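Scrolling down, you'll hit the structures one after another.
Both of the next two complexes hold chain A, though its partner changes from chain B to chain C.
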Partner chain A sequence: MDFVVSQILTGLSLSSILLLVALGLAVIYGVTGVINLAHGEFVMLGAYGAWLLQTQFGWGLLASLVPIFILVGILGWLIEVAVIRHLYDRPLDTILATWGLGVMIQQIVRLTAGGELRYVQMPPSLSSSVNILGATDSAYRLFVLGFSLVLFALTWFVYRYTSFGLRLRAITQNRSVASCFGINSDRAYRMTFAYGAGLAGLAGALISPLKSVSPEMGTTYVVDAFMVVVLGGVQSLLGTLASSGLLGEVTGLLAYYGNDTIAKALVLLGIVIIIRFRPQGLFAPRVRA
Partner chain B sequence: MNNNRRTFLKAGAAAGALTLAGFPHIWSKNGSLAYAQDGEIKVGVLFSLTGTTAIIEESLNKATIMAIEEINAAGGINGMKITPVIEDPASDPATFAEKARKLVLSDKCVSVFGSYTSASRKAVLPVFEKQKNLFWYPTLYEGRECSKNVIYTGAVPNQQQDDFVPWLVEKFGKRWYLIGSNYIYPKEENNYCKKLLAGLGAEVIAEEYVPLGHSEFSSVINKFRSEKPNVIFSTVVGDSVVALHRQYRAAGLDPATMPMASLTTSENEVAAMGGDAAAGHFTSAPYFMVFDSPENKKFVEAYRKRWGADKVTHFVSESAYFQVHLFSQAVAKLAASDIGPLTIREAVKGEQYKAPQGLIKVEPENLHCWLRPKIGQCKADGQFEILKQSKDWLEPNPYSAYPDQKCTADGLKQI
Partner chain C sequence: MSEKVSLQILLYGVVCLAILLFPLVVNDAFLLNKFSRYLVFGMLAIALSLSWGYAGILNLGQAMTFGLGSYCMAMYLKLKTVPIHTGSDGLPDFMVWNNLTELPWVWAPFHSTAFALLAGILVPALFAGLLGWFMFGGRVTGVYSAIITLAAMVVVNLIIVDQQGYTGGFNGITDLAQFDMFGFEFDAYSASTYYLVAICLTVALFVALAVTRSKTGLILQAVRDQEERVRFFGYDVALYKTFVFSVSAGIAGLAGMLYTIVMEFASPTFLGVPLSLSIVIWVAVGGRRSLLGAMLGALLVTGVQGALSESEAFLETWTLVMGGLFVLIVLLLPQGLAGAFQSLAARLQPAGKISTDKKTSPDKKTESRDSGKTAHAGETA
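Entry: the complex of A and B
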C-alpha cells in the first residue's frame, strides 16, 4: 500500500515540476502563437533571482517568489516590446529570434554571475519529510505540488471567468476580428508574454532548491515543457494539466521499474506515436474550421 | 587584367621568400633548438574556459598557471622561463583536438597540460601520439588506457577503490547500490567495484545509470528507500551530483545508515551543492583541501592569495598543480639542447615530487603516478574530515579490472 502511495506521490511531484515549467509556455503559445525557445532561460533567470536575493539580501525563498514573478514578468514585457511584437506575422522567425535571445541571456548571466554552479537554500520550515498514508515524501516537494496547482487554477480562472480572459479567448480565435470589435490585441499579447515569462521565473525559483543553478539549466526544461504542451494540445490549459500529470506518472513508473534512460526513451516514443494519430494533441479543444 | 595578375604573382613570390627567411625553424632540421630558444620553454595549457565543463576546468587552468608562475618566480628551470600558451577548447572534444594540434605544431610547445573529461583526452590522444609530443593529464579517470605520450597524474580505479570499498563494507554492510552517469567512466569504475565486492562476499542489489546532466532523482530515491542498501556507490558526475545530493537530503534519507560513497565528489562539487546536502557522505581521493602537510598549507594559501579567498582546491586541481612541478623537475635534469618531449618523458620516469598530498612517484612502466589515497567524510562546512589514509603510496594499475592485461613501457601487453 505504502508503495503505491509513494509511487503516486513521486509521479505527482514530477508532474508538478513539468506543469510549472510548461504552464508559462502553454499560455504564451496558446494566445500569441509564439514558440518561445527562450522559455528555459526565463526559468534559469528565476532560479538566479532566488539565488541572488538569498545570498545578497538574505531573503528566504518564499519571500522572494513574488518579486521574482514581477521582475521576470517585466523582463518578458520588455522583450515583447523590443523583439517579439515585430514578428507576430512571421511565426517561424520567432523561433530563431527567441532562440537567439536565449543564447544571449545565457551568456549575459555567465558573464555577470560566473559559470559556477550555485545553490539555493530550501525554506527551513519545509525541509523535513512528511508521512502520507505510510509513505514518506519531502515536504518541499509537496509544497511545490500544491503551489503549481494553485497557479494553474489561478491562470485557468483568469482565462475562463474574467473579462480579460474573454478578450484573450476572442483574440485566440481570430485576432483581426477581435481587433475590429475594439479589443486591444497588442496590449493583450504583451500582458500574456509578461505573465508567461513571470510563470517561468516562478518555476525556476521553485525548482532551484532541488537542483543546481547554472547558466545552462534552462535548456533541459524547455524540451520537457514542449513535450507537455504538444501532448496536451496547444491552446488547451486543461490539456497542459492533464498531460503533465500523465507524463509525470508514466515517467515515474517507468523509471522505477526500469531506469531513467529507458523512461525518457519510452516516453518520447509514446509521444511520437500519439502525435502521429492525434496531431492536435490529446486534449485539444474542438474548434470550428 | 594581365598586369594585375603579374603584380599579384610578384607579391606572392616576395611573401613566400619572406616567410622562408623570417621563420627559419619551418625548414630547419634542427628541431630540438626550437624547444628551448631565447631562454624560454613553451608549454601549452589546454583547459576549457567556456562551455559545460568550464565550471571545473577553470580551476585546473588556475592551478596550472599558478605553478608556472611559481617556477618562473623562483628563477625558472636552469635559468629558462616557462612560457604558457593558453587555449580555450570550449568543452568540445573536436576543438580540443584542433587546439592541441595548434599548440604542438605551430606553437612548438614541448608539452601540453590539459583536459578534464575522458572524451577530450581521447580526442587529443592521436595528436600527441602522431606528433611524438607529451600530454600531461591531471584528472582521475577510468584507466584502461596505455599511451607512451601521456603522463597521468590523477588516480585510476584501483587507487581510489582498493582501500575504500573494503572499508565501507566493513563499516556499513554488504548490500550495495551502484548508481552512475551513463558513460564510460562510471561503467569502468563499477566493473572494478563489482570485482572487489565479489571478493568480499558483498552483493550488488542494483546497478543503474542515469543520462548525463540528469537532474530528477525522485524515482532513484524511491528505489533507495524501498531497497534499503547499506552503501550507495555513486559515480554520478557534473551537476547531476548536486541534484542527487540535494534531493537525497530533501527526501529525509539518513547518511548515517545509508551513505553515498563517491569517487568524484570533491570540495568543488560540495561548494556547488552546499555543505548541508553533502554532510555525512564519503569520498575517496588522493587529496583533500584540509590535508595537513607543509606543502599543502603553502599550496592552499598561495591559491587563495592568487585567485580569491573564497576559492577551494580539490583533488584534480592539486594534480594539475603538481604535474607542472614534476615537469619542471624533469626538464631541469636535461641540458638545454636536449630538451624535447621524448627526452622529458625519459627524464620523468621514476621521478618523485613532494606534492600537497604527500610524496608521489611516476611509475616508469605505465607513466601513471604512485599516489596516496585517503578517505574523507564531508562536513557541513563544505570541507572533508580525513578518516583514513593509506600508509604508503599505492601503485597505479590502469587495467585493474582486467587481470589479463597490463600497460608496459612497450605498450599494452596481453598476459
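Entry: the complex of A and C
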C-alpha cells in the first residue's frame, strides 16, 4: 500500500513541476499562438531571482515569490513590445526569435552571475517530511504541488469567469472580429505574454530548492513543457492540467521499472505517436471549424 | 528565364570553384581542418534549406540525421582499429570496458567499406523517410511537425547515451582509424580531407539545386505555399514531402560522415538540440529560400564564430551578439541575407524586367502560413 502511495506521490511531484512550467507556456501559446522558446530562460531567471534575493538580501523563498513574479512579468512585457508583437502573423518565426532571445538571456546570466551551479535553501518551515498513508514525502514537495494547483485554478478562473478572460476567449476565437467589437487585442496579448512570463519566473523560483540552479537549466524544461502543452491540446487549460498529471505519473512509473533515460525516451515516443493521430491534443475541446 | 537559370548555375559554380581552390592560397593544416569543418556545416545548411526553404518543413531535428551518418562512419573507422587495440578477433575497446563479449549484430556489417559508406547516407534517409511518412501521411504540418522532429531527435539521442555498450554512451566513439580510400589517406589535417569535403559539398549543392529545379521541386514549392490546393490537384502531397525530407536527410548523413573524418570522433552532441537549432540559425541568416545563401550563411556564422572565439574578449560575448543579431534578422530580414540581396538586385534592374522577377521571387506575405491559427488572416490578406 505505502509503495503504491509513494509511487503516486513521486509522479505527482514530477507532475506539479511540469504543470508549473507548462502553465505559462500554455497561456501564451493558447491565446497568442506564440511558441515561446525563451520560456525556459524565464524559468531560469526566476530561479536566479530566488538565489539572488536569498544570498544577497537574505530573503526567504516564500517572500521572494511575489517580486519575482512581477519582475519576470515586466521583462516579458518588454520583450513582447520589442520583438514578439511584430511576429504574430509569422508563427514559425516566433520559434526562431524567442530562441534567439533565450540565447541572449542565458548568456547575460552567465556573464553576470557566473556559470557555476547555485543552490537555494528551502523555507525552513517546509523542510520537514510528512507521512501520508504510510509513505513519506517532503513538505516542500507537497507545498509545490498545492501551489501549482492554486495557480492553475486562479488562471482558469480568470480565463473562465472574468470579463478579461471573456475578451481573451473572444480573441482566441477570432482576433479580427474581436477587434471590431472594440476589444484591444494588442493590449490583451501583451498582458497575456507578461502573465505567462511571470508564471514561468514563479515556476523557476519554486523549483530552485529542488534542483541546482544554472544558466542552462531552462533548456531542459522547455522541451518537456512543450510536450505537455501539445499533448494537452493548445487551447485547453484543463488539458494542460491533465497531460502534466499523465506525463508525470507515466514518467515516474516507467522510471521505476526501467531507468530514467529510457522512461524519457518512451514518453517522448508516445507523444510523437499521439501528435501524429491527434494533432489537436488529447484533451482538446471539440470546436466548430 | 533560361538566361536566369544559367546565371544562377554560374554563380553557384563560381562559389564552388572558390571553395575548391582555397587550399592553393592557404596551406596551414590547422586552418584547413577548421575550414573543412565549416564546409560540413555548409552542407547541413543546404540540407535544411531544401526541406525548410523549399518545402516548408521546419526540421528542428536535422542533427539527428547528421548524427546517424556520423556514427555510421565512426563505427566503420572504429572496427578498423580493433586488430591493433584488442587483437584480431577482439572488440572495440569501449565494448570491452562495458563487458560485452561479442560484437553486436548492428556492428558486424560495418566491417565492409561499401556497406558503411552506403549506410551513412541511406540509414539517415530511411529513418527520415519513415518519420516523414508517419508525419506527413497524417497531415501533420507546421509547428507540430517541427515538434515531432525535435522529439524524435531527443529520443535517438537518449537511446545513444543510454546504450553505452553499443554506442560508447556520453563519450561517443573515439580513437578512430584514419579514413582511406583508393590508396588516398584522409588525414584530418591535410588538404586531401579538405578536397574530399569540398567535392562532396559541391556535389550535394548541385544535387539539391537539381531537385529544386525539377518538377518535383516546383510541386514542393507549391506545397509550401498552398498545400491544400496542390492536394486538390490530385498530387500525393505526403509522398513529395517524404521524398524531400529523405533527400535532405541523406545530405545531412553525408555531412555527418565527413564530420567524423574531420573531427576524428563521433559524439551524442552531434545529434543534440543546440546543433539542431544552430543549423536553423545559419539557414535563417543566409536565407532559407536560397541553397547557396543558406550555405554561405553557415560559412559566415561559423566562420565569424570561430574567428571571434579565438580572442579572449569575444569568447563570452559572442553568443550574446549572435542571439541579438539573430533576433534582428528574424525581425527585419525574414528571407535572410540572400533574400535581401535578391530584392536589392530586383530593385536595381531596369524597369521592364522587374515584373517578371517579381513572379519568380518568393512572396513574403505567403510564408509560414502553415499554422492553422493564422491561416485565415493570411487568406484574407
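Points worth noting:
Simple rule for what comes next: the second predicted complex is superposed on the first by the 289 of 289 C-alpha atoms of A that agree within 3 Å, B and C clash if a C-alpha of one lies under 4 Å from a C-alpha of the other, contacts with A are read in each partner's own complex, and residues count from 1 in each chain.
Here, a residue touches a chain if its C-beta (ideal position, glycine included) is under 8 Å from a C-beta of that chain, and two chains touch if they have at least 3 such contacts.
Bear in mind that the values here come from a model prediction, so they are computed numbers and not experimental data.
In the superposition on chain A, contact of A:Lys264 is made with both chain B and chain C. When the shared chain is aligned, chain C comes close enough to touch A:Pro279, but chain B does not. Of the two partner chains placed around the shared chain by superposition, chain B is the only one that A:Gly252 touches, whereas chain C remains out of contact.
When the two structures are aligned on the shared chain, A:Phe157 is found in touch with neither chain B nor chain C.
In the superposed model, A:Phe57 makes contact with neither chain B nor chain C.
259, 261, 264 are the residues of chain A that lie in the contact sets of both chain B and chain C, per the superposition on chain A.
By the touch criterion stated above, chain C contacts chain A in their complex at residues 58, 60, 134-135, 138, 140, 142-144, 146-148, 150-152, 154-155, 158-159, 161-162, 273, 277, 280-281, 284, 316-317, 319-320, 322-324, 326-327, 330-331, 334, 367-368, 370-371, 373-374, 376-378, 381.
The touching residues of chain B, counted against chain A in their complex, run 50, 52, 54-55, 58, 182, 208-211, 213-216, 218-220, 222-223, 225-226, 239, 242-243, 246-247, 250-252, 271-274, 277. Residues of chain A touching chain C in their complex: 33, 35, 83, 86-93, 95-97, 99-104, 106-108, 110-111, 174-176, 219, 223, 226-227, 230, 259, 261-262, 264-265, 268-269, 271-272, 275-277, 279.
Within the complex formed with chain B, the residues of chain A that make contact are 3, 6-7, 10, 13-14, 17, 115-119, 121-122, 127-129, 136-138, 140-141, 209-212, 214, 216-217, 220, 251-252, 255-256, 259-261, 263-264.
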